[in-house]
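Two complexes follow with chain A in common, the first pairing it with chain B and the second with chain C.
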Partner chain A sequence: MKSLWWKCLCIALLLYALFVGMLTPLKPGILNISPFLVSSGERVSMEVEAYNVEAGKEWQAYLKKDSLSYLKASAVELTNGKFKIDFEIPSHIPSETSLQALTLLITDERNGTLVYPEGIQLKSSTNESTSSWLKEGHPRLYKKEGFLFPYRNILRETIRNMYYHVPLWFSMFILFFAGMMCSIWYLKTKKIEYDHRASSLIYSGMLMGVLGLITGSLWAKATWGAYWTNDMKLNMSAVSMLIYFAYAILRSGTEDIERKATLSSAYNIFAFITIVPLIFVLPRVADSLHPGNGGNPAFGGEDLDNTMRAVFYPAIIGFTLMGVWLGQILLRIKRIKEKIFFNKIDF
Partner chain B sequence: MKWKHVWTLLRKDFLIEWKEKYVLGAIVLFVILSSYIIYKAFQQVTPMSWNVLFWIIFLFSGLNALIRSFSSELSRQYLYIYQLAHPGEIILSKIIYNTAVLSLVSIILIAALSLFTISPINDYKLFLLAVLLGSIGISTCFTFVAAVLGQQTSQSVLMSVLSLPLIIPILLLLIKITANALSIVDDSNIMSDLILLGGIDLILFGVAMIIYPFLWRL
Partner chain C sequence: MKHSFCLILFVLGTSLLKAENGAFSDGKLLSVVLVFASILIGFFIYLFSLDRKLTKIENQIKDE
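This part shows the complex of A and B:
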């Protein structure tokens, strides 16, 4: 029972990550706006499709240019999850360029603030411009209370992939690192036990990596529109998986136990050193669409809020423990196989 | 480690190569034949495809040339060498020797490809620097994998499977740098790529030097 506590912890954390990560609703957000092209001096009536909104107390809508320029809507109406918002756009706009991106804010005390960043294009028909639009002070923005995940445009519900895809890669890397340490230890001590440990950890890490690729691929289909793209980060992680498949081939291609152990330990150390630039350096040199590169959200302060952290960190620990557990089972299989093998020879 | 030993081992390798001229001839012929196939198969070679073709032929002729770096000698001969020299000296001499072979292959390849197709290189200094850095990295990887495999029977199959994924980061950087030397793309920040390539070379070299002494006895 003493050695069982961390397995219970692993199951508890993974169940927690699965249920809380999947069942917690998102904050309300804006799906799409039509028309998104407006011109100065006209009166527009926008249809805005919203997500996860409930009946509000008092809806207010604003068009935002910068922190000094807000334009309040003249009327906001919510029916069946759709807003009808009327704006009277003045003929003078707070900019010199003829095309401007505006942010739509819809706010309510109970629903919090719905944001559609830079989703509306404003075309100016005159050359008139003023420094600001601000008339009636800053709008009051509310925050929806409760344990809810943030709503991000395009990402939407796929934001939950953060609790499965990213921890899988984390645990893969931790397992590979542990495997490399075992390999180093094998080369130092020449005890076959450490090689068994190394290979078990590597195999369970490979499972994590393949699952990470699959979850990432599904996510890419939902957000980028394709299962696989020419993105640097994707291809480099695929290459690192190939390197470890080569490790598996090397192991199965060598007969002699001691020789297999030494060769695969050496290759394992070399492989780990190679995947460090593959995963951590090269994607930072090239442009990438992957979150965490080129201004895309990842672990930054606003992108990973406290509700997400509450699921994300336990998920990392849970998946890593699961990897170790799997590795332990593989290790036991290897020990039993070894015993059977040597018994047969002795008889 | 003594440089004198490294020098002697290098001299031995070059002497063996000089005695068995057919190996070197085979490599040169492989390079020229591949260039000729490209000349016949491609109607028109653009600088972009020239760049990629260069590295692909370089890779496979290098693989062909280096595959025998640890299996060319008999294991009894090896026992003798290991009694005389430290394993670090042996792997160092092999890496230097293989880098020299790869550099030779690349020079012949540049000449052959330019003769048969086009010669799009604008910045020879950058191109040759990239080739040199690439040769060091690739020969370190190939030599290390050849050392790992040693005299295994299924060596040639495993060699490509084990070494090709390892050199992908080097190869991608090389293609990017030489694209600059061919003026296909213009990247003002090419220095950082060169430093990165040198860094990868250095790490691989260091790891190979550290691990090989554990391997040689097999």
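This part shows the complex of A and C:
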């Protein structure tokens, strides 16, 4: 019974991550805008497809150029999840470049603010100044209250993968680290028990890593458009998986138990030291599509807000405990094998 | 095994309920379902390999 509590905790946390992660609705958002190319001085009527919106109180729409220049829509209408928004684009655009990206904001008290960053391209022809951009500062933007996940363009519902894909990598790393500590301890004490612990943790960590690659690949197909891209982080995590596959091969290729344990323990320490720069340093130095790498903004803001943290962190603990559990069963099998067949059969 | 199967059914069921507002077509929710299913399949494969190991040990004990 004493060893059962963390297994129950593991099940509870994973169920929590599944239920809350899948059932919490997203905030409303914008799917697409047409036309997205507008030019200065024209009166444009846009059709905007929205996601998850409910009937609002009073809709307002703005085109945002920068934090000081907003353009208010002359009319906003919502029918069947589609907005019809009219803008009168002023003939004077306060800018030097002829083409620039504008952010569309649609706001309402009940629905909060729908944002499509840089969703509209504005073509400007130079004209005299008759400015009608709002200059008095920030317009009133509402925020939708309640326990809701943020809506991100491109990601949409797949933002939930954050609770299933990312914790796999976290747990893999924790398991590999624990495995390395056991290996160091084996080299220090030469007790075969620690080698069993190390290899069990590494094998369950490898399971997490391979699942991380597969789930990441599925997520990439939905958001980046391909199962595998030339992203640095993808290639380097695949390489680190290969490094650990070599660990498994090294173990199965050596007959003598003591030799196997010593060799693989030493290899394990080097393997862990190698994957740290491969996964954490290189993708940051080079370019990467992952958040937090290669100039992309890291976790934070709308990518991982507080509602998401409430699911994300428990999911990390849950998946790590799951890995420890799976590793522990393997460890117990190894112990039994050793007790019964130590003198008779090689394993 | 049985519980996990129920979970898959549950996830699929709730997702289908949401499908009316375009969670699958516009929201790409299928990707999340596939991701979770692949994690479960991975755990099952691992469990099967443990199962095989145990069967081997059981057989060896029986032989002696």
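FYI, the second predicted complex is superposed on the first by the 326 of 347 C-alpha atoms of A that agree within 3 Å, B and C clash if a C-alpha of one lies under 4 Å from a C-alpha of the other, contacts with A are read in each partner's own complex, and residues count from 1 in each chain.
Here, contacts are C-beta pairs under 8 Å (C-beta built on N, C-alpha and C of every residue); 3 or more make two chains touch, one makes a residue touch a chain.
Owing to the predicted nature of the structure, the values given are computational and were not obtained by experimental measurement.
After overlaying the two complexes on the shared chain, residue contacts for A:Leu207 are found with chain C alone; chain B is out of touch. In the superposition on chain A, A:Leu31 makes contact with chain C only, not with chain B.
In the superposed model, A:Tyr313 lies in contact with neither chain B nor chain C. Shared-chain residue A:Tyr16: touches no atom of chain B or chain C.
Here chain B and chain C are compared by how many residues of chain A each touches, and C touches more. In the superposed model, A:Trp185 lies in contact with neither chain B nor chain C. In the overlay built on the shared chain, the residue A:Phe177 is in contact with neither chain B nor chain C. Touched by chain B in one complex and by chain C in the other is not one residue of chain A. By the touch rule above, chain C contacts chain A in their complex via residues 7, 11, 14-15, 21-23, 26-32, 34-36, 38-39, 42-43, 46, 50, 53-54, 57, 60-61. Chain B makes touch with chain A in their complex at residues 144-145, 148-150, 152, 154, 158, 161-162, 165-166, 168-169, 172-173, 192-193, 196, 199-200, 203-204, 207-208, 211-212, 214-215, 218. Across the complex, chain B is touched by residues 187, 236, 239, 242-243, 246, 249-250, 253-254, 259, 262-263, 265-267, 269-271, 273-274, 277-278, 281-282, 285 of chain A.
Contacts from chain A toward chain C in the complex involve residues 18, 22-23, 26, 31, 49, 51-52, 156-158, 160-161, 164-165, 168, 204, 207, 210-211, 214-215, 218-219, 221-223, 322, 326, 329-330, 333, 336-337, 340-341, 345.
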